[in-house]
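Labels A, B, C, D, E and F are assigned to the chains in the order they are written; within every chain, residues are numbered from 1.
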Amino acid sequence: MDIGILVKEGPYNHQASDTAYKFAKAAMKKGHRIDAVFFYNDGVNNASKDMDPPQDDRHIGNRWVELCQKDKIPMMVCIAAAKRRGIVDDVLIDCGEITGLGNFTDIAIRNDRLMIFGD
Amino acid sequence: MDIGILVKEGPYNHQASDTAYKFAKAAMKKGHRIDAVFFYNDGVNNASKDMDPPQDDRHIGNRWVELCQKDKIPMMVCIAAAKRRGIVDDVLIDCGEITGLGNFTDIAIRNDRLMIFGD
Amino acid sequence: MEDDEIVKKIMHVMRKAPHGTIYTYEGLEMILIMAAYDQDISVAFIDDGVYALKKDQDTEGLEIKGFSKTFKALDGYDVENLYVDQVSLEERGLIEDDLLVDVEVLSSAEIGKIMTEQDVVVHH
Amino acid sequence: MEDDEIVKKIMHVMRKAPHGTIYTYEGLEMILIMAAYDQDISVAFIDDGVYALKKDQDTEGLEIKGFSKTFKALDGYDVENLYVDQVSLEERGLIEDDLLVDVEVLSSAEIGKIMTEQDVVVHH
Amino acid sequence: MLHTINKSPFGNNSFETSTRFFQPGDPVLFIEDGVYAVQANNKFSGTLAKVQKNNPVYVLGPDLNARGIGNIAEGVTSIDYEGFVELVEEHQVNSWL
Amino acid sequence: MLHTINKSPFGNNSFETSTRFFQPGDPVLFIEDGVYAVQANNKFSGTLAKVQKNNPVYVLGPDLNARGIGNIAEGVTSIDYEGFVELVEEHQVNSWL
């Protein structure tokens, strides 16, 4: 199955990013394809490259980079939501891309499922 | 009266930043002193210098800079909360300062009131 | 594009109050973009989401950008299926005439049935 | 410092469930720092905040850092006034023995009275 | 002690919970999405009326206007941000987030 | 259609509201703070029992464990993330945020 993922909350403050990641890993393990992860609302803060959590905690930013680099899943950030919140190219994680809601619409349309994680 | 302010949510996504700003302006108008604004939890995202909201909307980042530069109110960002979320010196608004919860404790102790805005 | 001929049923659900959080506003921005894609789009207003349609909203005193009137534009974008949950309206002491736009007031069961027919449901 | 001799009554209120959001965890971090400042600190657990003290929390399956055991350390920091709202406990089918630490279970009115005596109340 | 409530009573339990903790005479101020609690004739009118027996109730007018809520319960005082500051001058603050 | 609920029923109305919209047979999955809804013998046990008459109820085990909730209502099936994926294979998804 092809699955799109929408993340609507920022890292650490809400569990949404964690659940989305764990779901994506489990889905791939079962042979499904994750088409893209799209960040909206405060979710755009997931794409910040400068997260530096305590050593004994998970690194949410690195998880997205891993999914992108190893599993070739595009990490898309909504430009309108990102501009409001100060997420610009300079602070973006490797292989994060700033894009529009049109791309999100394509994701919603072309996949078998759209999984939404938020608050 | 001396008033400390704690902001616990990020800009735009929640009204907390707006209410805090409007309260601070009204308090100063009535002759009170705002001792400091401290950002905690997702509130640290208020200190991002790169916000670029639509022209016809308010600019929350610039409001904090104005309070800091014109009214000399320190804008303090909790280091632990900021590191988790990728708020580092490079992305900080002018005159924002990254500091610790010890400074917040001082703010809570030395002021007549602590005003808290969040979700 | 490959998706040109796919028409999916996409429902947006507004369940939060306007202004206290951005979800309704950014939800509306998403709907306006999606409306250009010739999909079968509907919007359901449930719980505090019905307050998004309340007449007479004036955000000037907050210095926050208002957007309630944008709901009136949905019709022009061919987003015509606006469902309002009757229980939500009644709990809030509101009637249809309190709302900015023409809507279909339905029972929760009726909206629930339409929900199950969707390919995608997005809560804002 | 100028504040050396001021002792203020500061109450932290935990009202949210752990793990779904970070408020409880970052609230606890704040309390641990404040505890070093010789203030009169108390913590009230109300609503889902009582779940923060539930025994047997194991976050390994979420790969999220657990922190419930840190509540046990509060005693060592001289944060000894831990109040739990009885109604909140009962609504959740919990008893004192379900909690990780020794607490004082009080009525809402009793906690309300203590609240009014505070210089600062911080909800997390 | 001034209690502020900033969440809609429909979506969140903070209003209903907070009422258990109010002391007689404590002023209560509704702000942000909390202002829906003072809308006349809604599901929470009974809860609000009970609070009003022992507590003066205020609402932040700019938040009401933003939400188009013109019809508020009798006895509720609408104030602006300066009125908010005046309440804070008189009382310590308990913000029910 | 699979319904997921991620908020505590105590703090937020999403569980109670969602029940009005479930169609008979729709599976319901509690995740994140939503899992408190399946804790045995709490305030929402009656609401849950009513849902169970018409809908199979699942809960995400890792979220239960994280919260130390060992005692869950009879008839609720605990699953892991792979079980979550299996439900998604079978159904379109409605996440009640």
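Here, contacts are C-beta pairs under 8 Å (C-beta built on N, C-alpha and C of every residue); 3 or more make two chains touch, one makes a residue touch a chain.
Keep in mind the model is a prediction, meaning the values are calculated, not measured.
**Student:** Taking CA centroids for every chain, report which one is farthest away from subunit A.
**Tutor:** The most remote chain is E.
**Student:** At the place where copies subunit A and subunit B touch, is the share of residue numbers found on both sides over half (same) or under half (different)?
**Tutor:** Subunit A and subunit B contact each other through largely matching residue numbers.
**Student:** With respect to inter-chain C-beta contacts, which pair, C-E or D-E, contains the greater number?
**Tutor:** The comparison resolves to C-E.
**Student:** Once you find the CA centre of subunit B and the CA centre of subunit D, what distance in Å lies between them?
**Tutor:** Taking the mean C-alpha position of each chain, the two centres sit 25 Å apart.
**Student:** How far is the middle of subunit A from the middle of subunit B, if each middle is the mean of its Cα atoms, in Å?
**Tutor:** 27
**Student:** If you average the CA atoms of subunit A and of subunit E, how far apart do the two points sit, in angstrom?
**Tutor:** The computed centroid separation for subunit A versus subunit E comes out at 38 Å.
**Student:** For subunit C, write out the residues touching at least two other chains, lowest number first.
**Tutor:** In subunit C, the residues touching two or more other chains are 15, 19-22, 47, 62, 64, 120, 123.
**Student:** Can you list every residue of subunit A that touches 2 or more other chains, as numbers and ranges?
**Tutor:** Each of 12-13, 15, 22, 41, 54, 57, 80, 114, 116, 118-119 in subunit A touches at least two other chains.
**Student:** Multi-chain contacts in subunit E: which residues touch at least two other chains?
**Tutor:** Within subunit E, the residues that touch at least two other chains are 6-7, 10-11, 13, 32-33, 62, 80, 92-93, 95, 97.
**Student:** Could you tell me which shape the graph of touching chains takes: line, ring, star, complete or other?
**Tutor:** It is other, because the touches fit no line, ring, star or complete pattern.
**Student:** Let me know each pair of chains that touch one another.
**Tutor:** A-B, A-C, A-D, A-F, B-C, B-D, B-E, C-E, C-F, D-E, D-F, E-F
**Student:** Which subunit B residues qualify as touching subunit C in the complex?
**Tutor:** Listed in rising order, the residues of subunit B that touch subunit C are 12-15, 18, 22, 54, 56-58, 119.
**Student:** Could you list, by residue number, the parts of subunit E that touch subunit D in their complex?
**Tutor:** 1, 13-14, 17, 20-23, 26, 92-97
**Student:** Which bits of subunit C are touching subunit B when the two form their complex?
**Tutor:** 19-22, 62-65
**Student:** Sort out for me which residues of subunit D touch subunit E in the complex.
**Tutor:** For this pair, the touching residues of subunit D are 15, 46-47, 85, 87, 108-109, 111-113, 115-116, 118-121, 123-124.
**Student:** Mind listing the subunit B positions that touch subunit D in their complex?
**Tutor:** 6, 40-41, 80-81, 100-102, 104-106, 108-110, 114, 116, 118
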